[in-house]
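Scrolling down, you'll hit the structures one after another.
Heads up, the next two complexes both have subunit A, just with different partners, subunit B and then subunit C.
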Partner chain A sequence: MGGQVFRTVVSVSVTILGLLALTFFIGRLLPLDPVLAILGDDASQEAYDRMVVKLGLDKPLWEQFVTYVWNSLQFDFGTSLTSGRPVAEDILRVFPATLELATVAMILGTGLGIPLGVVAAANRDTWIDQVVRVVSLIGYSAPIFWLGLLGLTVFYAALGWVGPPGRIDIVFQYDLEVRTGLYLVDSAMAGRWDIFADVFSRIVLPASILAYGAMAYISRMTRSFMLEQLSQEYIIAAQAKGASRQSVIWRHAFPNIAVQLVTVVALSYAFLLEGAVLTETVFAWPGFGRYLTTALLRADMNAVLGCTMIVGLIFITLNLLSDVFYRVFDPRTR
Partner chain B sequence: MKTYRNLAGCVAVTAFAGVAPAFAETPPDTLVMARNIDAISTFDPAQIGEVVTNEIILNICDSLVAIDPEDESAVVPAIAKDWTVSEDGMKITFNLVDNAVFPSGNPVTAEDVAWSMQRVLKLGFGNAATLTEFGFVAENAEADFVAIDDTTFEMNLSRPYPTALILQAVASNRVANVLDSELLMGEEVDGDFGNGYLTTNSACVGPYALRQWNAGEAVVLEANENYHGTPPNVKRIIIRHVAEAQAQRLLLEQGDIDVARDLGAEDLRDLNENPDIEVASTPMHQLYYMGFNSADERFADDRVRLAFKYLMDYDGMADTVMAFLGMPRASVVPLGALGALDEAEGQPFSLDLEKAQSLLTEAGYGDGFSARLFIGTLPYASPIAQHVQENAAKVGIDLEIEQMANAQLFSAFRGREFDTIMLSWQTAVPHAHGMLSRHAVNPDNSEEAALTMFPTWRASWFSEDFNQRVDDALFERDEAKQIEMYKEIQRDHMQTGPFAYSFQLLDTAALSDSVKTWKWNAFRAYYPLIEKN
Partner chain C sequence: MTDTPATPARQSLRDWLQAPTASSPRQARAQAFWRGWQRLIANRAALAGLIVLVLLVAMAVIGPYLTPYSPLQQDLTARLQPPSAQHWLGTDDLGRDILTRILYGARITLMMALLVAAIAGPIGLAVGATAGYLGGWFDIVAMRLVDVFLSFPSLILALAFVAALGPGIENAVIAISLSAWPPIARLARAEALTVRKSDYIAAARLQGASSMRLILKHVMPICLPSVVVRVTLNMAGIILTAAGLGFLGLGAQPPSPEWGAMLASGRQFMLTSWWLAATPGAAIMLVSLAFNLLGDGLRDVLDPRND
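Here is the complex of A and B:
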């Protein structure tokens, strides 16, 4: 057990160091000029040169890298040009918005995707299976940007069923005491159900659209895993014993795909946490993905590098968690 | 089947049931505006270099003088209630109001004015160019900007520059926005003159005060109840960050916002047909243009650069891609500036492939050539570039378009690392000199001079003749003669200048019928004058 923990620690450390090196050198190779981003296009050459020194960009690359690694390990990613605040502080501010959106989307996507996949597999090649596959295919292939605008036009503008773009009404924004950064949770904790209704009315559409994509992926994978299990001999044995159809599916086959589903769900969640850039743009959602994209377009390299590190850490963490789940659910891996 | 019906019911309930919100009109004392506010990164007037924060800062931070809302070429008192100019034109003395107070409680004094202008030079951000343009330098800042007493401020010039031009530059360029020097010196870190503090705060006095700024979410301005001037009509201005034009349009049509600021040509055309919405435009002193690297012998030839001016269907583009966003303009001086050629004379070019071909043949490039064309991320950059690319191909020029982030585009231009490039340039004075001083003048074309703030230098284009003529015109005291000199420079510049101008850009807003008065010009939007129904 001790050896396993040690191997994991070494592996994670090497991965993080590799990630740091990759983000740093990609950052330096990108043809973006952070000095101009600060000073403006009209700055004189003298002012430009002064800023190069101030940012430490005149130092040897190895020295810049060492400083970067040291600071990053302390979660100090420097100051963002975009907001003027420390990048770590910015990430703490925008990440809960994405976390809330991704979590609601994941609950919807998983809650619908798994049953749909199971049902499709259990009714292979019937019209039910065909419908699930077509719905999944649309979720896979429809551009999320288009779905978002269509959703807004229909459900917000035409029907008035959901709230406008934005995370919260500006009137409420300064009334809400932010504790967790998750507005649904914060408003519920404060007993402000008017704010809760406003936040819910705004999150439901972007979360549903993200959930649709996640659902498509999860249902397809679930269907595929289930079909494999349903063709196994132990299923035939169970049927021969007289087990009911529901029992065969849910009590015999399903537990055997649960482990694989953990990985699928974890990866989907990681992708959503990485920031659904287009969804966040369409829905004016002040989240992580939009922050990263804006930083990139504005040559805000501190923010870009900080965000890239966080994305890497999310993947590493979720991979570790899925490994733990594997070990818990699958005795063969112990 | 029952299971599936339940499932479908769950989807519907989860997604929509019980979430229909109550939509209200915007409050009568609040103006809600949707805008892409990603560009906001500081509230330091010395550093702000983009239009969104510029508009905000001019409404929260009074300057020494201001642009007249009724006439953008005139300057009116602000913190300075009046001023006099010495006979030799080398000194301007300003008398300041004596009842302005910063939110900190500190009174606004001439010392604050002098300190605010000195720090612009000492910090050396892009805005300092507005002052260095008129001979002010950081080393002399204390001698040039002087507080005589609490309410008297003096500006000492190195040459007798036209007073009107200096006042226009000061009014619209964020170089004389008066900051609370006492507060900021207390917040100074490593000699930054409070620059760090101002990234997230403001420290000045104006009709509005910055109440809240959440990057990527919203800016909230509240009317300043202790303002010494005329109080604003609307109590609160909320600028909501909405990056997507379609989302802005939906919000406007639903009445959730009063003003949408970043709509595209298609949306504006549709909204213009909507009786409940008004599309308002004002010409900016900003030109969209194509630059050529004259260090390349092909583009050093005047005839080659001139040929490119015949490769665009200006009216066709103005009706489509640039509808509500720009109007054709080939002169280096925008319409509305002192000395500008009129609309017809300032745009003599049209799509004429034969003329372009003939010019290229004369220049020895009848068989054409290949070149790269760099463009940025403005929504109309790509369609305009493709349009020119198509027409260029018809005269044998193979243009390879490369689109890049704006920071990368500026970097390539400043580094002289391009063949041809498309971008825009804005001047902040309604005066011919504003554009000519950068687009016709190049004091020193050498690599070592590194005059990166001059687009002429970036394009490696130099003309002693233009340098001299622009300087002569600037110091001509007879205004009629001066205007004629500027017009002559523009005519020649259109034929032999380094750039091909295509559009004078418009600032366009879509207003809901809740907005009764919306006042703006090329240099600012006047929030205090906004009225709601």
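Here is the complex of A and C:
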């Protein structure tokens, strides 16, 4: 056990170091002169030289890398060229919006994806299985930004079922006391149900669209895990002793895939971050994804690399957690 | 087979392909391919995907000759026209025929997807097969590198590369390739690991084959089927990433008729002229759906473990 923990720690540290090396390398690929990007084209030679020293660009490459690693480990990603604030501070400010969106999407995606996958597996090769398969294939194949635009046109503009783009009505923007940064939670805590209704009507569509992709993935994985269990001998034993079909599926087979599913859910949570980049652009959602795309379009490298690194760290953390969870809760891995 | 009125040459080809025993290595290979093909087209979903893709390639090749319009020529007297007999999919805000632009856009999309496959596939195969066969420090370093690349969602990594390289189609292809090779390498390595200790490799080594030759001639061919399936399945993801980059304004740049970029510029007219953004999005979905269907079918055919 101790050796296992040690190996995991070493492996994660090496991966994180590699992550830093990769982002450092990407930062050096830049064809732009970072000094000119800050100072503008007509800076004097003197100002230019001073900035080179200030940015540490006169030092040898390895020294720059060590400084970079040291700063990054303290979550110092430098200053954003667009907002003028530290990148870490910016990310902390925009992150709750994405977290809230991804969490609602996750609840929807898991809540629908797992039952669909189980039902498809239990009715293998029937029309039910085919319908689930087609629905999830479309979820895999449709560009998420296109679904977002269509959704807005149909459900907001034509039918008026959901709220407009944006996270909260401008009227409520300064009315809401922000505690957690999750507006649904904040408004419920404050007892402001009018604000809650507004926030809910706006989050429902982008979250559903993000959830669709997650649902596609989760239902597909659930189906294949479930099929594997249903072909085992203990299922035949359970059927032979007279257990009902429902009981065989949910009480005998399902608990055996529950731990595997946690890994799948954790992974799709991480992939929601990717979907969020495109979805937030469509829905004018002031979160992490939109911060990243804005930074990209303005060639704000510090912000881009800071965001990339944060996503990488979240990915590694979720992977690690689901790995640990797996080892602790699945007796078969012991 | 006697009841099918086929030409003698065709019948003999069929006989040759279905002969119970192959009389030459060439015939054996052709027969294996033929059986795989039969199984693939027996899978209706895969067949549908294949047909869509063949149509797409045909459209990309000859489509531009069938339309009287140019993808870039503006006609401001015919702005934002809804679909009609003249313009089957309507016109955009600069009066350009949308169907024409989608036909030209198919070329861009296919070219980007094929380029990425042509760059990422061989790199992944070479790195994975070598790492799996050689083992040792090369394996450790290569797989660590793969782990690092895989700790980002592919779109995020592609975005970071594009940010560094600058927007544009070529850079988008490079960026997507850089984020697409690691899963292929991991897969190829797993395949290589299963054969590195096998007798036929040992036999070839005893005959004096070099590591290079063993990897190229004996290990890589084993990895190839699963790599082909993975690349086909990844095509859908590659197309979605390319379209996403175009949509964000970091891939193909307007006025290029790339589907993602078309969608982005049609976005502001969504409420009044839905066809501007709806049609390129539907095209993206159709192609990525076709690749997913074909990839699923290929996996069933090429991967005997699924039986």
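Just so we're on the same page, the second predicted complex is superposed on the first by the 298 of 334 C-alpha atoms of A that agree within 3 Å, B and C clash if a C-alpha of one lies under 4 Å from a C-alpha of the other, contacts with A are read in each partner's own complex, and residues count from 1 in each chain.
Methods note: a contact is a pair of C-beta atoms (placed from the backbone, for glycine too) under 8 Å apart; a residue touches a chain by one contact, two chains touch by 3 or more.
The structure displayed is predicted, hence computed values, not measured ones.
Visitor: Touch check for A:Phe75: first (subunit B), second (subunit C), both, or neither?
Guide: In the superposed model, A:Phe75 contacts neither subunit B nor subunit C.
Visitor: Let me test your reading of the model: by the given contact rule, A:Leu22 touches which partner, first (subunit B), second (subunit C), both or neither?
Guide: second
Visitor: Residues of subunit A touched: more by subunit B or subunit C?
Guide: Larger number of subunit A residues touched: B.
Visitor: Go through the superposed model and pick first if A:Leu297 touches only subunit B, second if only subunit C, both, or neither.
Guide: both
Visitor: Could you tell me if A:Phe172 is touching subunit B, subunit C, both of them or neither one (first, second, both, neither)?
Guide: A:Phe172 sits against neither subunit B nor subunit C.
Visitor: Just to be sure I read the superposition right, which of the two partners does A:Pro164 touch: subunit B = first, subunit C = second, or both, or neither?
Guide: First partner only, subunit B.
Visitor: One more residue to check, A:Phe65. First (subunit B), second (subunit C), both or neither?
Guide: neither
Visitor: Considering only touches as defined above, state whether A:Asp198 meets subunit B (first), subunit C (second), both or neither.
Guide: In the superposed model, A:Asp198 contacts subunit B only, not subunit C.
Visitor: Which partner does A:Tyr326 reach: the first (subunit B), the second (subunit C), both, or neither?
Guide: In the superposition, A:Tyr326 contacts neither subunit B nor subunit C.
Visitor: For A:Phe254 in the superposed arrangement: first (subunit B), second (subunit C), both or neither?
Guide: neither
Visitor: Could you give the residue numbers on subunit A that contact subunit B in one complex and subunit C in the other?
Guide: Subunit A residues touching both partners: 31, 149, 152-153, 157, 281-282, 296-297, 299.
Visitor: Spell out the residues on subunit A that touch subunit C in their complex, using ranges where they run on.
Guide: 14-15, 18-19, 21-23, 26-27, 29-31, 137-138, 140-143, 145-146, 149-150, 152-153, 157, 270-271, 273-274, 277-278, 281-282, 292-293, 295-297, 299, 301, 304-305, 307-308, 311-312, 315-316, 319
Visitor: Over in the complex, which subunit A residues touch subunit B? Could you list them?
Guide: 31-34, 36-48, 50, 81-85, 90, 93-94, 108, 112, 115-116, 119, 128, 149, 152-153, 155-157, 160-167, 170, 173-174, 197-198, 200-201, 204, 208, 281-284, 286, 290-291, 294, 296-299
Visitor: Under the touch definition given earlier, write down the residues of subunit B that touch subunit A in their complex.
Guide: Going through subunit B, the ones touching subunit A are 3-4, 7, 11, 14-16, 19-21, 23, 32, 38-39, 41-42, 47, 49-50, 124-129, 132, 196, 199-200, 212, 214-218, 220, 238, 240-244, 246-247, 250-251, 253-254, 256, 377, 404-408, 410-411, 413-414, 450-453.
Visitor: Given the complex with subunit A, which residues does subunit C contribute to the contact?
Guide: Within the complex, subunit C contacts subunit A at residues 144-145, 147-149, 151-157, 159-166, 236, 240, 243-244, 247-250, 260, 263, 267, 270-271, 274, 277-278, 281-282, 284-285, 288-289, 292-293.
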